[in-house]
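Each chain carries a letter (A, B, C and D) given by its place in the written order, and its residues are counted from 1.
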C-alpha cells in the first residue's frame, strides 16, 4: 500500500500546480465574467479565446493528456499510474477550466481511453488523433430520459445492424460536451440484440454529430447552471445510419467496454472533487478569519471551528480512500478495485457536498452567488451523486462484495 | 395548545387550495417556459401578463392580503391568526408564483406590516395603499456586502439626519424584489447615531427607488437562479436625500421595528417551505412508483422506503413545530415565541433541504434540471438557511433562552 | 388538532409532578445505591421496601393506574384520553421507578389493557384484579431467541389445543418483568394453527409462572444493565398444560389483540422517553454551566450551545409528534393513527438517544458512570429502537401508508 | 506515503492472527462466562487462570511487548514502527483479552513508554522491568472528579516537594487498571508549582499502590460494565509521601511527558477500535444472512445493504486515516502528526460507534445482551470519545492547526 508519487509524478505535480497558479487562476475571474456577459447576450455556447490560448500553453509546457494511463498512452502523455495521476487531477479539480485546458476533461478522457483500448486503427485515425490533439471534442450518449438509467440494462435506444450499416434510433440526455462548438462525435450506446443475455445486448457506436437524423433538442441545466462551454444536451436520434465499422469492438460489446470506461472516469471525478473540496475549505478558512460578528472572527463563533476540523478530517479521509482505489487499480486492474471504486464514488461527492455547504454557510449570501466558485462547486458535487451511477447503485456494489465474503450469491 | 383552524380559516384553506389547483397549477409549467424563453432572449425582468391576470382573479375571489395579521388588518384582508394563516401559506408555498399572485409574498408582506404597525398616516397613504392593492412593489435594504450581516449591528451604511432631510450612503445587497419593474420603494436600514447604545443606532427609512443617488448595481444569482421577476439586487446609495418624515417611527428605531418585522416573516417562510417539502415528497413518491430499475419500482429498492418514511416524519414534525410557534405568537406575541420562532427557522429549512434532496435523488438527472421544480425548491430551502439570520444565529437564540432557565446571563 | 389538556388532566399533571418531586426524587439516589449494594451482594432480584411504601402513597394520593384509557377504565383510574395522559407519562418517565410506583409500568399496563378489553370475567377476576391493585405482576412472552422476531409471524413456539387444555412449548426471551418476585403470570403468544392464514395462526394464552414446565433460564442484560427489579428473562416452556379457558379471546386471535395492545404501549414508551430526554437536557445545561475549561463555562465552548439548541428543537418536535399521535388515537382509534404511532416509535427513541448522548458527553466520564442516570437513560432509549418493533419495521409501516396514497399496494 | 508493512511486520501479523484465532478466540466465550459467574458470586476482581496461561504462551511465541516503539525497545519487543504495529494492534483489538495477553494493553503500554523514555535507571529497574515481564501492572492517575479534566491544566491534586519527599494529595478517577490484583504503582500527575507557567506546574510521580494514604474508594462502571479484571478506579491520595526520586524527569515536567505518552496511546486505541469495528461488521453480515424476516434474509430488507456498504466505507476510510497518522509519526515524530493524531481520535471512535450500532440493530435484542461482544464493543467506542481527550478538544486541535495555515494565532 504505497501511495507515494514517483519522482516523475512529483515533478509533474509541481509543474501543474505552477501552471494553474500562474496561468489559469489569474485569468479565471475574468473568464467567468466574460462567460456571464456572453450568456446574458444570449449566445452562451461560444468558446472564449483565452481557452485556446491556455490550451496552447499547456500543450507547449507538456501538461497535456496527463490522464492517459500507463500501458495505454501509446506515445501520448506520460503513461502515469493512477496513484501518480491523483495529485495532478486534484490540482486541476480546483479550477473549472483547468481540465479542459490540459485536455484532461470528461467525457473526452473516457472516450479517448475507449478508443485507445478498443478502437480499430481507422477509428483511431479518424477520431482519436484529433481528440488527443484537442482539435475536436466528443460526447457520450448513454442515459435516457424515458427510463431509470441507473439500471443500464433499461436502455431502450436502438442500434440495429442492417447490412453494412447500423441504424440508430432513440433519445439520450445528459450527454456532456454537446454544447461545445468543436463537438464532432458521439459514443452512443444502444440495444442491438434484445435476445442476447442481459450484458451482451447493447453496442457502442461512433455517431458523427452532423449525421442526418441527429438533433440536439435542448441543453439541460443542473441546479440552474449550464456548464458552458461543454454543457449537457438532450439529443434525439432518428433513423441515423452509420457504417457498421463504427461499432466499437463489435456488436454487443457495449457493457464490457463501459465497465472499463467508467472505472477510471469515476476515479478521476473523485480526484478532482478532492481538489474542489480543498479549495472550498481554503475559502472557508480565509473568510472565517477575515469577517467578524458579535466581536469575534466568524471562525471563533459557535461550532465553526468544529466544523472546520470535521471538514479537514473528511477531506483527508476521502483523499486516502481515493489513493487506495487508485493503488488497487494500479496493482490489479478494475476487477481488483470494484468495491474501492464504488466506495469512493459514494464517499467523495457526499464529502465534497458537505464541505462546500459549510463554505457557503461561512460566506453568507455571497456563498450562494456567483461571486465565489462555491455554488458551482456544490452543484458539481451534487451532480456526481447521480452521474456515473447514483449513490444507491454504488452502495449496492459495495454491499454485494461485502456480503459475498460470507457466501451471499448476490 | 390548540392548532385547529377556525371555521373561517378552514373555509379559506379550501378556497386557496382550489384556486391554486384550478387557476395556478394548470398554467405554471407554461409560465416557467415563457420565463425561460424571456431569459434566453436577454430580457428577464419583465412580468408576464399571466401574473397580472391571476392577481386580478385572486383579488376578485377574496384571496388577497391574507397574511395581514389579526389586529392589524385595518379593513384589509381577513385578520387571521398565525395558526389560521399557516395552512394557507403552506398551500401557497407549493407554487413559485402563488404568493405573488395573492399579494402574500416577501418582502412586501413584511414591509406592509411595518407600515401598518409603525407608519405615519402620510407614509401609509403614499406607500401602504398601493402595496395593499398590489399596484407597486417594495424591497428591504438591510444586508451589506462589506460586513458579516448575521450581526445586524455590523451595518455600516448611514442614514444621517441633516436638517429636515436624511442623507443615505452605503451599499446593500440581497434586496429582494428589486428586479420587479413595479418596485418603487426601499425600506432602508442605516446607521444614524453611532454613539447611541447598540440597539438604538440605526434608523429605518423609506427611500424611493428613483431617488437620485440610488443605483441598482447588479442582480444576484442564488445557486445559478435569479428568481425573476422579483430578483435580488445589489444597490448603491450615494448621497441620497429624502425628507426626514421618511424615517419610520423616528431615528434609532430600526432594531425594534426589525424585530417585529422579521418574526412573522420567518414564520411565513417556514409555512411556505412546509408546502414545498410536501410537494417534493409527492413528486418523489410518484416518480418512485412510476419508474423501475433492476426489476422493481424504484420505491422498493435499497433504503428508498426508509427515506420516504423519514421524509414523512420530518415534514410532520416540522409542521407541528411551525404551528406551535404560530400558536405561541397568537397567544402571547413575539416575546412569547422568541425560542419557537428561532427553532423553526433552524429546523424547517434544513428539513426541507433534506426532503427535496431525496426527491432530486429519486428523479435522477431530471431532478437537477428545470423539468421539475425541485432544483428551485432546494435553492429556496438552502437560501433560507442564511436569509433572515443564518442557522447559527438562531441556534444561538434558542441556546441562550434554554441556558437562561438555569441562570446563564447570556 | 387540539393538544390542550382537560382541566382534570391539568390538575393531575400538577399532582403527579409534585409527587415525583416530593416523594420520589428525594429518595431515588439512595434507592439506586441500595439496589447496587444488593446487586453486589449477589441478590439483585429483591424489591426494596421503599417501593412498596411509595406505591402505598401513590395509591392513597389517587395517582394510580392513570394509564387506563377512556372507555376502558371500568371504575379504575381516571379514564384519561391519550392527550391527557401524555404529560403525566412524561413526568413519570423522568424517574426510573415512578411508573412502577404508580402502577403505570410496562408490560403490566399492556397486559391489563388486554384483559380489560378481551379478557373473560374469570380471567379478569383471577388476574386483572390483583394487577390493578398492584399485588402481582405479569410478563409478556412473545419474542423468541431462535428467529427474527421483528417479523412476528416467525414465532415458532406452540400453543396447541388438546381437548380442554392448551399445550405450550417453546422458548421466549426479553420477557420483561420476569425478575420481579411478584411476577405471577405470562401473557404467552404461540402458534396454534399453522394452516390458518398468516394473521390467525397464533393464540394468546395466560400461563401461570409456576405452572409445571415453565423455567426461567436466565436474566438478560441490556448494555450491561439488568433493570432490576423487573428484569428481562429468557424462559423455556416445556409441555406446559393450562386450561383452554386461559386462551384470551379464543384461538387464533393473538394478532388482533397484539395490534391493540402494542399501539398504546408504544405511545406510552414514547411519552416517557420525552421526559427522560428533558431530564438529560436539564442535567446537560446544569453541568455545562457549572464546570469550566479553558477559562469558560463548558456551555460556551465550541459547538456546545448549538448542540443544546438542537436538543431543545428535537425534544419539542418529538413531543408535538407524540401529542399528534395521541390525538389521532383519541379521535379515531388505532386504525386512524397507524402511521403516527409508527412515526413516533422511530422518531422518539432516536431523538432521546441523541439528546442523552450529548448530556453524557457534557458530563465527561461521569456521564458514563452510574453517578448520573444518563447511562441507564441512554440504554432505555437504545433498547426502544428494537423493542416493540425495530426502527426499520416502523419505517416500513410509514412508507407503506405514504406510498399507498399514490396507489401502491404494499 | 508508504503504508506497506515491512516483511518482519507482515510475518508478525500472520503470527498474531494465528495466535488470536487458535489460542484466544476458542476460549473467549468460556472466559466471559467464567467472568460473569465470578461477578455474580460477588468477587469480580480476580484474574482467571486462563489469562496467565495465555500470557505464558504469547511470551513463548515471541508475541509480547510488540507495542514497544522503534528506537525505544531496548532489547525488548521488536522495535516496530507505528505503521508496522497498526495491523497487529488491529487484530488484538478484535478480542477483549488479546492486548492483555500479549502485554500490549493500556494503560501499561503508555506507562512503560514513559519509563523507557524518561525514567531513571532506578525507576526502570524497580518498575519497568517487572512491567515488561508482565509480572505487575500499573495505573495512570490524571483525571479528577472535581474538575473538567478535558482541560488538563484544571488538575487540582497536588504533588508538593517537601525536602527529599513529595507529598501527594487529591482525588483521581478513571484510573484504569486499578482493579487488577497485580496493580502495584500509579503514574500520578499533580500540581507542584502553581506559580510556574501553565504547562510547567505539574509533575508526574510514581506512587506505589500500597503507600500509606492511597485508597481505592470504589470501582467505576462504564455504561454498566466494570471491565474486569483491569477496571477503572476512583482513588484518594491523602498526605501520601514518596521519595523525591519518584518524580519522573524532574518537577514540572508532567505536561511534556504526557504529550509524548498520549500521542502513541491514542493511535493504539484507534488501531484496536478498527479491529473491533471489523469484528462488528463480520458479525452483522453473518447475522443478516442467517436470519430471515418477511420472507427474505435480513440483509436484503430495507436499507440494510446500504448501511453495510456505508460501514465498509467508514472502516476502510478510518483505517487509512490511522495508517496515515502512524506514518506521519514514524517519519517526523509527534510534532509532525499533531493534527493527524487528533483527527483519528475524533474519527475512529465515532466510526466504530456507528458500525457497532448497526451490528447491534441487525442482531435485534441479542445485540444488546452479553451473548455477543457488541454491547461491550459499543461501550469501548463510546468511552473513547471521552477518554484521552473528548472529541471536542481534538476537533479544537485540528481546527487550530488548520486555521493556523492562514495566520490565525490560536
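In the analysis below, a residue touches a chain if its C-beta (ideal position, glycine included) is under 8 Å from a C-beta of that chain, and two chains touch if they have at least 3 such contacts.
The UniProt protein names, listed by chain, are A, B, C, D = Acyl-CoA dehydrogenase.
Bear in mind the structure is a predicted one, so any value in this text is a computation, not a measurement.
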Next item on the list: Select the chain at the greatest separation from chain A (Acyl-CoA dehydrogenase), using centres from the mean of Cα atoms.
Entry: C
Notebook entry, point to check: Copy of A-C's interface among A-B, B-C or B-D, judged by over half the contact pairs being the same?
Noted result: B-D
Item checked: Where chain B (Acyl-CoA dehydrogenase) and chain D (Acyl-CoA dehydrogenase) are represented by their mean Cα positions, the distance between them in whole Å -> 53
Check: What whole-Å value do you get for the distance between chain A (Acyl-CoA dehydrogenase) and chain D (Acyl-CoA dehydrogenase) if each is reduced to the mean of its CA atoms?
Finding: 44
Check: What is the distance, in whole Å, between the centres of chain C (Acyl-CoA dehydrogenase) and chain D (Acyl-CoA dehydrogenase), each centre taken as the mean of its C-alpha atoms?
Finding: 37
Check: Could you say which residues in chain B (Acyl-CoA dehydrogenase) touch two or more other chains, in rising order?
Finding: 302-303, 305-306, 392, 395-396
Next item on the list: Could you please specify the touching residues of chain B (Acyl-CoA dehydrogenase) with respect to chain A (Acyl-CoA dehydrogenase) in the complex?
Entry: 40-42, 143, 145, 147-151, 154, 173-174, 220-225, 291-294, 298, 301-304, 360-361, 364-370, 375-376, 378-379, 382-383, 385-387, 390-392, 395-396
Check: Quick one: in the complex, what on chain B (Acyl-CoA dehydrogenase) touches chain C (Acyl-CoA dehydrogenase)?
Finding: 1-4, 281-282, 285-286, 288-289, 297, 299, 305-306, 308-310, 312-313, 316-318, 320-321, 323-324, 339-340, 342-343, 346-347, 392, 394-400, 402-403, 405-408
Check: Of all residues in chain D (Acyl-CoA dehydrogenase), which touch chain B (Acyl-CoA dehydrogenase) in the complex?
Finding: 302-303, 305-307
